[in-house]
Amino acid sequence: MLDYAWLMLLFPALGTLIISLFGTRLGKRAVSILAPAMVFLSFVVAVAAFVSLLGLPVDERSREVTLWRWMVVGNFSVDAALLLDQLSITMALAVTCVGFLIHVYSAGYMHDDERVPRYFAFLNLFILAMLTLVLANNYLLLFVGWEGVGLVSYLLIGFWFEKPAAADAGKKAFIVNRVGDFGLLLAIMFIWTGIGSLRFADVFALAPQVWPAGSAVVGAVTLLMLLASTGKSAQIPLYVWLPDAMEGPTPVSALIHAATMVTAGVYMIARSAVLFDLAPASGNWVAWVGVLTAFFAGTIALTQTDLKRILAYSTVSQLGFMFIAVGVGAYAAGIFHLVTHAFFKALLFLSAGSVMHALNGELDIRKMGNLRVKLPTTYWTFLVGAAALAGIPLFSGFFSKDAILFAAFEKQLPVWIIGVITAFITALYSFRMVFVTFWGQERDRRLFNHAHESPRVVTIPLIILAVGAVLTGYIGLPAISAIDGWLAPAFHPAGAAAETHSVALELILLVVSGLIALAGVFAAYQAYMVDPDLPKRVRASLGRVGRLVENKYYIDEIYDMFVVNPLRDLGGWLGGVFDRRGIDGAVNGLAGVTGWLGAQARRLQTGMVGLYALAMLFGAVALLAWLATR
Amino acid sequence: MVPLSWYLILAAALFCIGVFGALARRNAVGILMGIELMLNAVNINLVAFWRHIGPDQMTGQLFAIFVITVAAAEAAVGLALIIAIYRQRNTVNVEEIDMMKG
Amino acid sequence: MTLPTLNFLAILPLLILVAATLLVLLADLVVRNKRVLTFLGLLAVAASLAAVLLVRPAAPTFQGMTLADELGLFASVAILVATGLALLLALERTSDFTRRPGAYVALLLLATAGMIVMAKASDFITIFLGLEILSLSLYILVGFAQRDARSNEAALKYFLLGAFASGFFLYGMALIYAATGSTNLAEISKGIASHSASLPFAPLLPIGVGLLLVGYGFKLALVPFHMWTPDVYQGAPTSVTAFMSVATKTAAFASLIRVLAAVWSGDRPWLLALAGLAVVTMTLGNLAALRQTSLKRMLAYSSIAHAGYVLTGLAAGNDRGFEGALYYLIAYTFMNLGAFATIQAVQRRDQNDVTTEQITGLSTQRPGLALLMTVFMFALTGMPPLVGFFGKLYVFSGAVQGGMTWLAIVGVINSAIAAYYYLRVTVLMYMGGATAAAGDIPRTGWAVWTTLVITAVATLALGLWQQPWMESIREAVTLLALR
Amino acid sequence: MFLFVVFALIALAAAVGVITSRKPVYSALFLLLNFATLAALYIMVEAQFLAAVQIIVYAGAVIVLFLFVVMLIGGGELDDIGGRNKKFLARLTWPRGIALVLGLGLLVAVGYGLLSGQLMTATNDAAAFGQGSVQAIAAVLYTDYALPFELASILLLVGMIGAVALAQPPKKD
């Protein structure tokens, strides 16, 4: 079966092709069936591959399937080949499973949109690119997938391009991600130059010999990878694009900006475990970037009032947890959290989409309340998701987050402390959403009366995801540790001895985590149900700090002040022709300056032959002066 | 005998005069004349080197002959172009021929 | 005295092209349906291509005037493919811009002949003659769009600056001849290798190479020798622009690679000079492209930037960089020809350019054209797995290998900037209400479709299957035997 | 030696005349003078055939073509660097100033290469009996240089087609 794993890629590819060529002719209905069907077939293949991989002895659970010889340059060659091992199959399962459910949900959610065929073509293309990313057996193919998911993400954020906010968000995402991609491309070049191969197996086998542990090159490579990951996985300092990305359709937020694409950075770091083991300093960077992002984004999530934006910041925060895990070397824990998060965050987004659908697109939680009466199914599924996110014992997030914190406790105590605080915040904002949205009194009666439960095509995926959000946690029960044992060989092909943990300690920490989560829920109940004025009082007593958090730490403003404004002033001062309309955030400011430079470059082009020839003569003299005097 | 370097310096000077002429003129015909000066200066070089390196190798001299051929063909095409543009715009001043810029 | 036996088989591709030219000129007098002439041209290109691929003499021919090596073969194929596609592109539209289709086809074939000569030449005299043949043909072709007043202007600018650059080029050749005593590249290489220090006129060598670079820089549109490019690309008939933007680059780069390999000393200053040129070329090209409203001008600046990327490969000074440069040329041939072909398909019959306004909302009127244009734009951006990405990957990693990481970084930043204006085209096509009336875009004929499909398929396929022809590239570079 | 100096000075003066003359006709005639002096220099280094070609092609064809075009488009004044109505400095606009500086820079750069090394002492002392004759050139032109010779014919073909295509006035429509 493993040899047929390429079918996983074939189905979404076919789907994309058919829908983009004949989509409008097939009609909405056919497309809405075809696209999910293709992803379902991929899922079936993934399951089959998983089962056959399980049937193999542990040391044979890594299979490469070469599709064709891609390129050969001398003794350097790259194949278009898939790597099927524990890690890639786990990822593929999560991607296809969540992806399929979101496709089904989309069929209901996007029903009224004019451009359903285009939407599904993009969505299938996304699955193709994401599977390419996780199944690649070399860095080059991984990069193909990496760029592919970025592109589709950009197209889907701007899917409703009539909204200027959506178009701007798309642009922002694109430019920020280019910065990250730039890091990955350079890392790939360094690997190619240093090791002479891009195949994972070769790289990981040779790297310890070529690059001594802690050497500068491997440090540079891993830091460049970290840069790439901060872009794709929305970590400090490149996280700014993700909250804006919520301008896209909600299922897209669920699929791309919560469950799959944004985890690509975590996946890549986990995949490059051998390299990160060689560069402990880079690992520390990863962990610290992760924990700071987690805390930072968690506090912002606490103050937001837009349901999707809360979830977006929560995603950034949870990705931070995954970074902590891969940073401290607990790769299996990171991937475990990645999988559980994929389920519960997709669930939360889709439930939020259901709420939004019911309230005619309203997302401000201050206008909601008591919705559990009107939307019972959505309420229960959202509750399960929130419980998982908050880390309530026996829900999936509890186990995975605990695994991460346990690893942090062993390696980096300060990281653990901030992590625990963040876990508390997580529980707080999770149940803030629940209480404010679904409990209490309705705040906007007109909206409330209008609300209605979503159709079954929407609720059924929610229920399945909810089941998943509970169950995925149990593959990683500390006592069983199935996922750890399953994944570990993928990170250390050499077969490093599994570390033995103190079970007692782990249990103690488990209890601590559970208590903290429950404390968070209790605090949320106190603050938002029992004593609704409490948040205001807290907010007042916090004074400036509160305002700081409320305004997202003024990060956008700081970017404006220190990056955009100086650049803009410089631009205005230099030419007085600066295009003000283009300025919207740091990225656009940068784009504006570049554009201004472009305008200057154009002014050189006067249309006169004499000046053209003069430029040539100048070049000639400069060239000769340089060459003759060397 | 005349030292080789004298020829070369004469050639360099003529070349630079040609370059300046091509840059300083506004009239397309004038520019073309400057370019012709440049090509001829190169020919002096080729011939002088031919004479110095050893006349039994004919390379320099033949190169010069080909350069003359090219220069003639170039002049023919160039002047035809100039006539064509004159017919269209009634001017051959290159500073007025600047519809495209930016 | 006996005449040497001349191996005419070695220049068979050339002979075919010239014979076809004469045939076209004769047929022009008798044939009424001028499309026949284009078909004749296509036939000649096909025959010439067959000759290039099938007749492969081993040794240097014509007393070392040309080489029949892998590099020459490679470049010839790329050039002939470009010619064929350009002819196909103009098949149905020639009468839109000229009433001398015969001369048009003839000059296109002669320019091709010149390019092949240049790419294969191994002697300064032949290089120069090849360059002049292609230049003169192009000067005239650029001025062929009679309905566009800018066409003539473009031709005159191109001519004056081209002739000016020729002067420098020639002077450089003369000085290298002086420094080494020969015009033959093999002899020059031998001369430098055997007694580089004791050459009487050694100081003339770097100056000669510098002047030569001015000439190449002009043809390749390297900054600051690039200023003609936007004006000429905009004014020339679109099919001519498509042709010259790719084929000239292939010919000139092949020749430059040969010359560099011959005078190679591996000296850092030379490489740094190339690297410096590459940096200013890609940066200025990309910056100036950002705010263009004419698509042809935008692509002209983009082609300047791409020349900078290719030059990065040469500046790397190692095999990987050279291979990357050759790969890039092939990649560029298809993606850029495709982009210009789309412009040709979109432009109105009485126009010679397309503005950004005209393509706004193209996807609703011509979804097929919009999709293909998107492919070409993504390829030019460097989006994997299309060809453009691998070109960049190879040249930049060549630079990394050559110890010029900074150059690779500049290159990568530049491709990030470039993405902005390429994607703007896509955004305009897909995400904007249609502004141009549907009737403005003429029906796209089969010939243009064929061109578009061939280039698009190649843009994708050559990225996905690289093995066979990467080996050919490698052989070409190995034979150069860089010291 | 003396002859060389004389001819060289005439050539330089003629070149300056070409680029500064006010009337294009004068420019063309100065160009003719320059070409003729160069032919004389060629004879001095015993390249007789080349000298003849120089006279026939340049003086006989190119200059006539130039004069013809100048007459055709009107022999008006070249009101630029040759203008009489303004002071020299006024005529030296900034692009021309830069051009002058860069032109001198070019001369310095090339001259630097020419004057360093052993060039100063080298002379043209090798004997060249008959090497500049028609026979000697023909012997190599049709053997070793057969390919360039063919290419030159292609080049002239291009020139021919081009001149015809360009000279034809465009259809009025």
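The letters A, B, C and D name the chains in turn, as written, and every chain counts its residues from 1.
Following the convention adopted for this analysis, contacts are C-beta pairs under 8 Å (C-beta built on N, C-alpha and C of every residue); 3 or more make two chains touch, one makes a residue touch a chain.
Model, not experiment: these values are computed from the prediction.
Looking at subunit B and subunit C, the chains in contact with each of them are A, D. Interface comparison, C-D versus A-C: the higher count of C-beta contacts falls to A-C. Remark: the per-chain Cα centre closest to the mean position of all protein Cα atoms belongs to C.
Ranked by distance of CA centroids from subunit C, the top chain is A.
Subunit C and subunit D have centres, each the mean of its CA atoms, that are 30 Å apart. Each chain gets one centre point, the mean of its Cα atoms, and the points for subunit A and subunit C are 41 Å apart.
A separation of 68 Å divides the Cα centre of subunit A from that of subunit D.
For this pair, subunit B with subunit D, the centres built from the Cα atoms lie 5 Å apart. Shared contact sites, meaning residues of subunit A that touch two or more other chains, fall at 602, 605, 607, 609-611, 613-614, 617-618, 620, 624, 628. Taken residue by residue, subunit D touches two or more other chains at 95, 99, 103, 106, 109-110, 112-114, 119, 122, 144-145, 148, 152, 155, 158-159, 162, 166, 170, whereas all remaining positions touch fewer. Subunit C has residues 125, 129, 132, 136, 139-140, 143, 156-157, 160, 164, 168, 171, 175, 203, 206-207, 230-231, 292 in contact with two or more other chains.
In terms of inter-chain touching, the protein chains here all touch one another pairwise. For subunit C in complex with subunit D, the residues that touch the partner chain are 1, 3-4, 6, 11, 18, 21, 25, 62-63, 65-66, 99-100, 103, 106-107, 110, 113-114, 117, 123, 125-126, 129-130, 132-133, 136-137, 139-140, 143-144, 146, 171, 175, 200-204, 206-207. Interface of subunit A with subunit B (complex): residues 602-603, 605-610, 613-614, 617. Partner subunit A is touched in their complex by these residues of subunit B: 19, 22-24, 26, 31, 94-95, 97-102. Within the complex, the subunit C residues that touch subunit B are 124-125, 128-129, 132, 136, 139-140, 143, 149-150, 152-157, 159-160, 163-164, 166-168, 170-171, 173-175, 177-178, 181-183, 230-231, 234-235, 292, 297. Subunit B meets subunit D in the complex at residues 1-10, 12-21, 23-27, 29-30, 32-34, 36-37, 40, 43-44, 47-48, 50-52, 54-56, 58, 61-62, 64-66, 68-77, 79-84, 86-88, 92.
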